[in-house]
Amino acid sequence: MDDALGKRTWVIAEGHIPSGGHGDSPALLSHETACILNTSGTDAHVEITVYFSDREPVGPYEVTVPARRTVHQRFNDLTDPEPVPRDTDFATVLRSDVPVVVQHSRLDSRQAELALLSTIAWPAG
Amino acid sequence: MDDALGKRTWVIAEGHIPSGGHGDSPALLSHETACILNTSGTDAHVEITVYFSDREPVGPYEVTVPARRTVHQRFNDLTDPEPVPRDTDFATVLRSDVPVVVQHSRLDSRQAELALLSTIAWPAG
Amino acid sequence: MDDALGKRTWVIAEGHIPSGGHGDSPALLSHETACILNTSGTDAHVEITVYFSDREPVGPYEVTVPARRTVHQRFNDLTDPEPVPRDTDFATVLRSDVPVVVQHSRLDSRQAELALLSTIAWPAG
Amino acid sequence: MDDALGKRTWVIAEGHIPSGGHGDSPALLSHETACILNTSGTDAHVEITVYFSDREPVGPYEVTVPARRTVHQRFNDLTDPEPVPRDTDFATVLRSDVPVVVQHSRLDSRQAELALLSTIAWPAG
């Protein structure tokens, strides 16, 4: 289980956090997530840059994924250097110092019933 | 943040814009989207060709993705050389003069509750 | 637009056609689809083999995707050599004589509101 | 149909089994699935390791995918060495002794209407 699997740079071209939601718990609140897996024996330091349609990119946001752990990072929870705005189109680039695997998911609970999407991110190198 | 990430040619084999929708705002109107991220320092000129099941392809539709920006292009909004027909199966090829990353998403609000899909597009070269 | 894009062999490991549905039209009937795009100037002859959990594979099913056309082939509509069974797990391999791009989608209308999934298929060569 | 297609190591960075569900049958119970296709003429022995956010990985879980068969393995059904916990973020690595193709799907029936997601897994080698 010590082998590092994946790539160091990943791209998620889709991103959008709805401002509302009908979920009755944090699990059912609308959220946008980057699921990151670090299979290696070394902690992964991941820098996330957020791109927008009408202004300069913001970042890096810093996330640590410990050795042999997964972090399902909600973009809703990123606050430093600034919160990710709601109801705004964005895209993200994730750069890690050790290989990781990144999958993108969204749960949308704006209406009474939830909707889901997920896709493997784009491995850029 | 100046590095160009991605590929110049992307394919989305699935495409379908429902004609109806119950959304109460543009955000909840049924739509089909190509999310394009240009991480480079140069504007990306993207040409979109739309393929159908029963007639010749239409295009190119021209979209500019500025340097260090993302554009979430709704196929609903493409009008030149002609609108993309509703309730019709289609597929698309995107060709850019600088590397970009493309992700495909759909929000379907034909019924009372919305449904979502998303996938990374196919990088053809 | 004459360039052939894609690969000749594609795999869809997920497959399942629900037997029921509440849709009020063919568009809203539960269906499982292989979206195939042929950007080349030559017709693509695609052979689909269906794999099951408990018996030998069935096929080939034959589909033609004309030059510069897309076919969104519903597995529901495959009948020769035999219909694809409902409520049964399956997987598919698609082999084409010219390069194509394949994306997998499902619309599930077993309950009152529809659900969608989609992913790029696996390019095997 | 004897050709082995795919890779030996696959990663699914997203994983989450909701504890509840409104489905009225096993088909509609919330579930998380790894769809595995073995096109080769040799049985595939697959070892699944499950990674968490706050403790050491668990596994291997052992699954056999017979020659020319598909197995849609629900993580809900894995019990040895221990059940996969509900309402917990996880990620998985699948290692097979023959090439296979892996696709990830989830059906979520926590609310009245179901939601679906699917994506090709990440082929690590």
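Here the chain labels run A, B, C and D in written order, and each chain numbers its own residues starting at 1.
Keep in mind that, in the parts below, contacts are C-beta pairs under 8 Å (C-beta built on N, C-alpha and C of every residue); 3 or more make two chains touch, one makes a residue touch a chain.
Here the structure is a predicted model, which means the values were calculated and not measured.
Homomeric contact subunit A/subunit B is classed as different-residue, with under half of its interface positions used by both copies. The rotation relating subunit C to subunit D, fitted on Cα atoms, amounts to 90°, rounded to the nearest 5. Subunit A and subunit D have Cα centroids separated by 21 Å. Annotation for subunit A: residues touching 2 or more other chains are 112-113, 115-120. Within the complex formed with subunit A, the subunit B residues making contact are 1, 5-6, 27-28, 33, 35-37, 39, 68-72, 101-103, 105, 112-120, 123. In the complex of the two chains, the subunit B residues touching subunit C come out as 9, 11-16, 18, 49, 51-54, 56-57, 87, 89-91, 93, 104, 106, 108, 110-113, 115-122, 124-125.
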